[in-house]
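Two complexes, one shared chain (subunit A), two partners (subunit B, subunit C).
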Partner chain A sequence: MLVNIMLESTKVTPAITMLIEEGLVEIAGESYPENSVEFYQPIFDWLDAYIAEEKRYLTVNFKLTYFNTSSSKCLMDILDTLQSYHNVSEQVEVNWYYQEEDEDMLESGTEFAEDLDMTFKLVAYR
Partner chain B sequence: MTFEHLFLQYQQMTQFKILMSFKGVFAQPALVEMGNTIRNSLGNESVKATVMKKIFAIFIELSQNILHYSAEKELDLDGRESGVGLLIVSDNGDRYCVSSGNLISNDDVERIGGQCQAVIDASRDDLKEMYNRRRKGERPAESKGAGLGLIDMARKSDYPLEYEIRPFNEKYSFFMLSSYISKGSE
Partner chain C sequence: MNEVSRQDSKMTPDRQHSLNITNSIFKSEQDTVEQFHTVLLDKSMSYDTLLSEYRQLGQRYESLLKQATKLTRIGDVAQRRLMNAQKEMEYQNMLLDKQSRDIEKANSELQEKNSQLNETLTEIELMNDILEGERRKAENLLLNILPSVIAYRLQSGEEIIADKFDDVTVLFADIVGFTELSARVSATTIVKILNDIFSRFDALLDNHNVEKIKTIGDCYMLAAGIPVPYKHHMELVASMAFAMNHELENYVKETGHQISMRIGLHSGPVVAGIIGTKKFVYDLWGDTVNTASRMESSGVAGRIHCSEVVYANLNDKYIFEERGTIEVKGKGTMMTYFLIGAK
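Right after this comes the complex of A and B.
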């Protein structure tokens, strides 16, 4: 059964919030675990279940400040899943937050956006 | 350890302006601590934020390379296997250098050398294209990050990556990989 997920951030993993009623997913912090696939697996599973069972609008907020390359691959996999959901439902909104002067995270967001065809907003914050 | 050995180490670390060096088991908790040390020590030295971020990112990729792919492994008490290697961060005048050294299997020499050379030969645009295409694709069996680490390091470096592989014994070779970040890096 689908349940809300609320994980606090650690030094190497982001905070994860996945709320069913609100249709909200948030991934915030830094991501460089030893095994990214293992860390992100529950997130893939939650998304698959939400898409299959809830079929409702989903807002996904990324607020990352650093991620390693194996996390980057997992983020792409998440975005691919969201893209597939968007293609059949048009019910996905992705917001990519980056600190105002963080060129790295702006560029990362821009490059993810280039690979996608759905609402993907780049949002600067202070 | 004799006085001479210790003093020689002291002289070499001074001569090569070594900011940090570690030889041993690259278990995840240890490399996280080293990463923090780099952030804190460079943060105190008025290093530009963009430069520090690049050094940190390259340090993490190189350390996790050692952790996952060094042919020399050590088991901890919980039975977890981590790779053994050497990592050095040094100040080379107008640039910082992050270098790693570890054993690789002789069977992997051609593959790893080929991957390094392909990344060195690629233009900035090629690297971006390679990175985004690999990230979209399936993970290769031998890789945890779809082989993205090397490409990402090349993109973050301000100078071409440098590598060298020399025979160690009948089973292993020693693999060195270096990345340079300009002190004025944007």
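Right after this comes the complex of A and C.
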């Protein structure tokens, strides 16, 4: 059964918020867990279930300040999943937040956005 | 055991764990490879099906290539970010090291200055001790020369002290037989004898609460009722006069020197104080002083010669013997008495 998920951030993992009613997913903080797949697997499962059961609009916010390579592979897979949902529903919006002076995160967001065909906004914040 | 198994058995737990994670991350890619092997081994597959599988595998390969390219670029960004962070950390460490060295240097300088300061402080304390010692010596010397209340007034800035006292008793004591003695012994011996006698008188002062004024040759002058007025000044001086006579008797017994003493007493108003700027002496001025001196000079050896005012005030407590009248310069004749003893 699909439930809301809210995890607080740790030194090596980001905060995770996944709300069914609001149709909102948010990943915020730094991501370099010892086992990225183990950490991100519940998110994949939640997305699969949401797409299968809810079939509603979904806003996904990334507010990351650092992630390692294995995390970036997981993020890419999440975006692939979202792209697939968008392809059949057009009900996905992705927001990539980066600190105003953080050019690295802007560049990473731009890389992730490349070849995706859905709403992908780069949003600067102070 | 085949070759692969032997290699696996040599893997460390960390290497095995890392391989598992990698395998998990690339599960979809591994599935694609599996699919490729399935197609390759399926000999019964028709040409059309084979073509379709080939097309799907090609598309998948293209997608994976894009992902690999993207991951590489993102990985480069992350690596650059780490290197920048590392450089920043090294820079911050360098700054911290410099600050630490600066603090250490400043601390060392501070300790050096503190040490110098302590040395200076010790020197100052030593100087203070010396100064305090000198100050005490000076104060003691002043107190030895002057009555304490007068010394304190001088220290507090008074330059001329001349206080009027209405009622004071003045005593003069003169050593009789000294002239004859002087002819027989040396001047040094004379001074020693005088010093011995006057030192004995000095030792009586505190107990009798009288103030030594000065010595003039072989004459010893004291008073009571100054510098602080005191109602029973006559009794104090009378008691002192008996004590001085007693002390001289002892001295004569001890040394065999044939000397005696005339003592004269008179009471009345005086002006007491210090005048001049050098060699301070607390002195008394006035007719009372002159009359007391006259009582001594017209007295008799071994007796205490008093004026009528002394007699009038003490005859209820002391025994007197009428001496008769004497001529006092500027005052005419005066009735005088010998003080014999307490009643």
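Just so we're on the same page, the second predicted complex is superposed on the first by the 126 of 126 C-alpha atoms of A that agree within 3 Å, B and C clash if a C-alpha of one lies under 4 Å from a C-alpha of the other, contacts with A are read in each partner's own complex, and residues count from 1 in each chain.
As a working rule, a contact is a pair of C-beta atoms (placed from the backbone, for glycine too) under 8 Å apart; a residue touches a chain by one contact, two chains touch by 3 or more.
Keep in mind it's a predicted model, so treat the numbers as computed, not measured.
J.: Using the overlay on subunit A, decide if subunit B and subunit C clash or can fit next to each other.
T.: Clash - subunit B and subunit C, as placed by superposing on subunit A, overlap.
J.: Would you sort A:Val94 into first (subunit B), second (subunit C), both or neither based on which partner it touches?
T.: Neither: A:Val94 stays clear of subunit B and subunit C.
J.: Using the touch definition from the top, say if A:Ser108 reaches subunit B (first), subunit C (second), both or neither.
T.: A:Ser108 contacts subunit C only, not subunit B.
J.: Taking the superposition on A as described, I'd like to know which of subunit B and subunit C A:Val25 touches: first, second, both or neither.
T.: Once the two structures are laid over each other on A, A:Val25 reaches no partner at all.
J.: Go through the superposed model and pick first if A:Lys11 touches only subunit B, second if only subunit C, both, or neither.
T.: first
J.: Per the contact definition in the header, classify A:Ile51: touching subunit B only (first), subunit C only (second), both, or neither.
T.: neither
J.: Which listed stretch of subunit C (39-47, 75-83, 111-119 or 147-155) steric-clashes with subunit B in the superposition?
T.: The one stretch of subunit C in steric conflict with subunit B is 75-83.
J.: Taking the contacts subunit A makes with subunit B in one complex and with subunit C in the other, which residues are shared?
T.: The answer is residues 35-37, 66, 68-70, 72-73, 76, 104, 111, 114-115 of subunit A.
J.: Going by the contact rule at the top, pick out the subunit A residues touching subunit B in the complex.
T.: Of all residues in subunit A, those touching subunit B are 11-12, 32-37, 66, 68-70, 72-73, 76, 80, 101, 103-104, 111, 114-115.
J.: Given the complex with subunit A, which residues does subunit B contribute to the contact?
T.: Residues in contact with subunit A: 28, 32, 36, 49-50, 53, 56-57, 60-61, 64, 67, 128, 131-132, 135-136, 139, 144-146, 148-149, 151-152, 186.
J.: Spell out the part of subunit A that touches subunit C in their complex, as residue ranges.
T.: Residues of subunit A touching subunit C: 35-37, 66-70, 72-74, 76-77, 104, 107-108, 111-112, 114-115.
J.: Looking at the complex, which residues from subunit C come into contact with subunit A?
T.: Residue positions touching the partner: 21, 24-26, 28, 66-67, 70-71, 73-75, 77-78, 80-81.
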